[in-house]
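Per-chain residue numbering starts at 1, and chain names A, B and C are given in the order in which the chains are listed.
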Amino acid sequence: MKMTKRLFGIFTIPAAVLIVVLAVSRIQGVALFATEGNWVSFFRSVANVMLVTLALSINLNSGRFDFSIGSVALLSSVISATISIQYQLPVGIMLLLSVVLGAVFGFLSGLVYVIVKLPPIIVGLAMALFYEGLAFAVTGGYGVSFVNNTELVGFPSVRNYSLIIVAALAAVILIFDYTKFGYNYKALLSGQKVSVHIGIREIPNTLICYGIAGALMGAQGFITATNTGTIQMTLNFGSIGAMFAAFLPMFIGGYIGRYINDKIGCLLGAVSMGLVSLAYVRMDVDSSVQQIISALLLVCFLIFLNNEQKFKNLVKQGR
Amino acid sequence: MKKWRRLTAFLLTAAMVLMMACTVMAEAPEMDESETVKIGVLVSDTTSAEALAFRAYYEEYIQNQYNVNFMYSDELKDSAGEASAIDNFIANNCKAVISLSSFDRPAQIAQCSGAGVYYAVATGTLTDEEYEAAKTNEYYVGAIGPDLMTEYQTGYDMAKYFLDEGKTKFAIFGGAIPYYTDMHIYRAAGMLAAMCDVGEGSYKDATGMDIIGKIYEDGAVETGAIGNVEVVGYVGGYDMDDAWFGKCGEMAQTEGLEVILAVGNGSDFFGAAKGEGVQIASVDAYADSYKEAMEAGTLNYLAGKFSASIGPIFMATYSAVKGYPIRDAEGNALALSQGYWVADSAETFNTYYAVDSSKEEPAYTKEMLDGLFGSSYDDFAAFVSAYTFDEIQGLK
Amino acid sequence: MELKSVMNRYGLKQKIFSIAPLFGLIALVVCFLAAATAKDLNIAYSMKNILNQSVVVAVIATGAIFIYTLGSFDISLGASACVSALVGGMVYNATGSVTLMFLTCVGVAVAIALINSVLASVFNLPVFVTTVAMLSVLNAVVLMLININGTGSQIAVPTDAVAGLNTTWFKLLVLVLFFAVCLFVFDFTKIGRLQKFLGGNPVCAKLSGINNKRLAIIAFVMSGIAVGLGSFLSITYAPTLTKNTASSVGMDVIISIVFGGMPVSGGARSRIYAAVVGAFSMTFLNQIMVMFNLNSGIGQMVKAVIFLIVVSLAMSNQRNKEILPR
C-alpha cells in the first residue's frame, strides 16, 4: 500500500474531527484548548475511552460480548482504593493494585465462562450483577472517599494520563502482536473450530483475554476514581453504561486498523472521541443534544463502514 | 351552712379531679410490643449517603429498640417501581409503609389505604393539593421533612453565608434541575435570591421567589451578573460521562471562581476543585466522605439531613399502627416541616457527625421517641420543630 | 446404558432439556409457596402482585423473541417503551381518549422498531449496534418530551382514566391474546419457520433465497407491537410517567428471555414461551429474595448466582464440548 494512501487512511478521521470541532468552536467564539484543565480533560477522556475500547474489543472481536467490564472497573478501584487508604500506599501502588485486581476479576469472569460454557453475554450479565453487589457489600453501600489524600487526587495530569496511555497501548501491542498467545488469539478469532482442531488451546487463551481486558478496566477504574476522589456505588446494571461510549471509537479503530496496527487505531478513535467530548465541554452542549449527536455519528459511521463499496462506486460514477 | 358549702365544693372538685385522672389513665397510650410490626420502607436511591444513613438508623438502632422489622425496597426508578414495592410490602403483611420516594405520592397513598396499610412520608412533604386530598384519610399518617419553602431557605442561607464573607463569584451545581426535581429548583432559586438581595441585582428580571418560575422555564440556571455578584458557571444533571466530568472540571477551574454551591451532593467537585482555592457548599447528609472533605478544607459548608430525623415519623407510624394515630383537632394527618443541620467548619461537622453516626446514643433516642407515642398533635409538632442540633441535645 | 440409548433414539434427552426452564419455573413456584407459607405471606395478594410485576416484561419479551430468533438482540426496548408511554400519555392529556392513547403507544413503538429495522436491514448495520445508537437517541427524546410537556418532571395520566384497565383480567387477557398471536405466527406459519432458519444458518438461508430484510422488518414490527402493548400496560399500572419509566425493562427482557431457556444465538431451538416462562421465573425469584429481605448488595450477588445456575441447567443440552460458545 502506498505511504500516502496509508497516511490518508490513518489520519483522515481524527484530522476531520479536529477540523470540524475547531471550526465549530471558532464559530462559537470558544478556544478548544484554553486552559491546562482542558488538556487534562482531553487526555483523561482519551485514556478512559481507549482503555474501555481496548477492553471491549479484545473479547468482542472474538464474538464474546462481555457486559461485566464496567463492574470490574468499579470493584477493582473500590478494593484498591480501600487498601491504599488503609495502608497509606503511594498512588503508583494503587494504580498497580487496581490493574492487578482488575486482571483477577476479569480472569474470574472468564473462568466462570469457560466452566459453565454459557454464551458470554449471559455470563457477562451475571458477573456484572455479582461484582456490583460485591462492591456494594464491601463498602456497605457507602462507596469510597479519599478526597483528603492529596497524592491520590493529585494524580490527574497530562503527563500521568499520557504514561497510562503509552504503557497500556505498548503492553497490548506487545502481548497481542508479538507473542505466541497473540498469534493463537488471532487464529481463534478467524477460525475458532479449525484453530482448536490444530491444537490451539482455546480455554487458556480466553482466560488470558478476560484477564487483560480486566487489567485495562482496572486502570480505567483507577482513572475515574482519582478524578473525583470518590467512588460511588451502583446496582442493577448501572455499571454497563460505560461500555456504550466505546462502540464508535472501536469501529473507528477497526477502520484505521486497515492501515496501521488496530490498537493504534483504537487510540486514534479515542483521540477523535476525546476531541468531540472536549468540544461538548467547551461549547457547553446540552446532554440530550450530546446523546443525539453521538448516536448519529455512530449510525452514520456504521452506514459508511457497511456500505463503503457502494459509496466508492457512487463517487466513481459521479466522476 | 358555709362549712357545708365548702365541703360540698371540695368533694365536687375532688370527684372531678379523680374522674379526670381516671379518664387520663384510661386514655394513656400503652405501647403493646408483644407482636412484631413489619414496616416497608420505599427508597428511590439506595446508594446515596443520606439513604444509607437513614437505613442504618432504622436497622441498627430503631429495630433494636422496638419490636419492629423493616423491609426495604430495591432502588426505585419510577412510579411503577413504587407500586410494585408497595405490592411486595402488602403481600408480606407489612402494617405500614414509610416512603422516601416521591415519583407518585398520591398513588402510593391510594394503594396503601386501599389495602388497609398505614402510609407516611419521611424527609419530604406533600404539595398543598396532595395534602388536602389525603389529610383525612385514616391510613395517611402524615409527612415530616423539609418542605419546599425550607428548601428555598436552605439555598438562600447557603449563598448568604458566603456572600456575607464577601464572596462574589459563584458557580452552581444544579443536580437534578434538568429533570425538574422540585427541591433542587427551590434550593437553586434560594441561592439566586440571596445573590439578588446582596448583589442588588436581579436574575432574568426576577428576584425573590419569582426566580423559581424562571428556573422551571429553562430547566437550568443561567450564568451572568446579578448586580455586583456573578454566577460564573453552571452544570446540571448526573450524566457521569467524560463530557460531564469535563464540564465539572471546567466549572471548578473557572478563573476567579470563589465558591461552588451544590444543590445536592457536591462530592463530584472535590477532586476538580482541589488546589484551586475554591470553596464548596453542599446539601446532603452527615456521611464519612463529607467528614474527610470538611477536615481537608475541600468542603466548607454542609446543610445536611441527620439520620435520626426520620425517628419522629417512625414513631407517628408506629403509634398509628398501635391504634393511637396522631391527628390535629380536625382529625387531619401530620404535616410538619423539618430543616437541616448546618455545619460550616470541621469542628462543627465532627460534633454533629459523632451524634449522627452513633448507634447507642443517636440524635433521637428511644426515650425521646417514646414520649411521642400517642401524643397530641401540638406536642408532636413542638418536638419536631425543635430540630437544630442544640435544641435536640437540650431535650436529652 | 439401555436407558441412555432409548433416550437418545427418541430424542428424549433433548426434549427433557428443552422444557428444563419450565421445570425451573415450577421449582421456583414451589420454593416460593413453601417460603410464603412458612413466612405467613398473603398468597392471594402475592399472585396478583406477581402477575403485575411480570406482565409488562412478559409481553415485551414475547415480541422480542422474534428478534432474538434471528440471532440479534435489541437493547433499546426499555427506552422505546418509555418514549411510547410518554407520547401516549401526552396524547391522552390532549384528547382524553384512552383508545387514542393505546393506538399512539403501539404506533410510536412500531415506528421506532421500523426505524431500527430499516437501519439494520437496508443499511446492513449490525442490529445490536443500531439499537445501542437508538438507545442513545431515545434517551435524548425522553428528556425532550419531558421538556416539551413543560409540567415539571413528569407526564401524568389521571389515575381514574385507566383504573378500569388496571385489573388482573385485563392484563391476563392482553398477555394471553398476544401470546396466542405470537405462538401462531412463530410455530404455525412460514414466517416463524423462516426466522428460525435464518437465525440458525443465515448463509444457508440467504442462499436459499430467503428475504432476510423482510424477515428482520417483521421481527421488529412484532417486537414494536409488544413494546406498545407493554407501554400501555405500564400506564394502566402506574400512570405517572417520568424519564425513568420502563427504564429497567430493557435489561429485564434480556434476562427473562435467557432465563426462559432461549438460546442467544437464535435459530431452531428458539421457543416462543421462553419469554413468559423467564419473566415469571424472574419475578418468583425476586419475590423469594424480597421475603428474605436481603441487603441490596448481597441480594444482587445471590440473584446473579441463582441466575447462572438456572440458565446453566436450562442450557445444558445446548453446549458444544469442542469449542466455547460465542
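Going forward, a contact is a pair of C-beta atoms (placed from the backbone, for glycine too) under 8 Å apart; a residue touches a chain by one contact, two chains touch by 3 or more.
Remember, predicted model here, so these are calculated numbers, not experimental data.
Chemist: Report the chain whose CA-based centre is farthest from the CA-based centre of chain A.
Modeler: Result for the farthest chain: B.
Chemist: When contacts are scored as defined above, which chain pair ends up with more C-beta pairs, A-B or A-C?
Modeler: A-C
Chemist: Return the distance between the CA-based centres of chain A and chain B, expressed in whole Å.
Modeler: 40
Chemist: How many angstrom lie between the CA centroids of chain A and chain C, rounded to a whole number?
Modeler: Roughly 30 Å separates the two chain centres.
Chemist: If you look at chain A, which of its residues touch at least two other chains?
Modeler: 136, 141, 235-236, 287, 290
Chemist: Please list all residues of chain B that touch 2 or more other chains.
Modeler: Counting only residues that touch two or more other chains, chain B contributes 46, 74-75, 178.
Chemist: Which residues of chain C are in contact with two or more other chains?
Modeler: Within chain C, residues 143, 248, 296, 299 contact more than one other chain.
Chemist: Under the touch definition given earlier, write down the residues of chain C that touch chain B in their complex.
Modeler: Against chain B, the touching part of chain C is residues 39-42, 45-46, 48-49, 52-53, 56, 143, 146-147, 152-154, 156, 159, 234, 237-248, 287, 290-291, 293, 296, 299.
Chemist: In their complex, what parts of chain C are in touch with chain A?
Modeler: That would be residues 119, 123-126, 128-130, 132-137, 139-141, 143-144, 248, 251, 254-255, 258, 263-265, 295-301, 303-305, 307-308, 311-312, 315, 319-320, 322-326 of chain C.
Chemist: Give every residue of chain B touching chain A within the complex, in rising order.
Modeler: 46-47, 49, 52, 74-75, 178, 237, 239-247, 249-250, 253, 267-272, 274-275, 287-289, 292-293, 295-296, 298
Chemist: Inside the complex, what are the residues of chain B that reach chain C?
Modeler: Within the complex, chain B touches chain C at residues 46, 69, 71-72, 74-75, 77-84, 87-88, 90-93, 103-104, 106-107, 110, 115, 176, 178-182, 216, 219.
Chemist: What does chain A use to touch chain C in their complex?
Modeler: 62-65, 112-114, 116-123, 125-127, 129-130, 132-138, 141, 192-193, 196, 202-203, 206, 235-237, 244, 247, 251, 287-292, 294-296, 298-299, 302-303, 306-307
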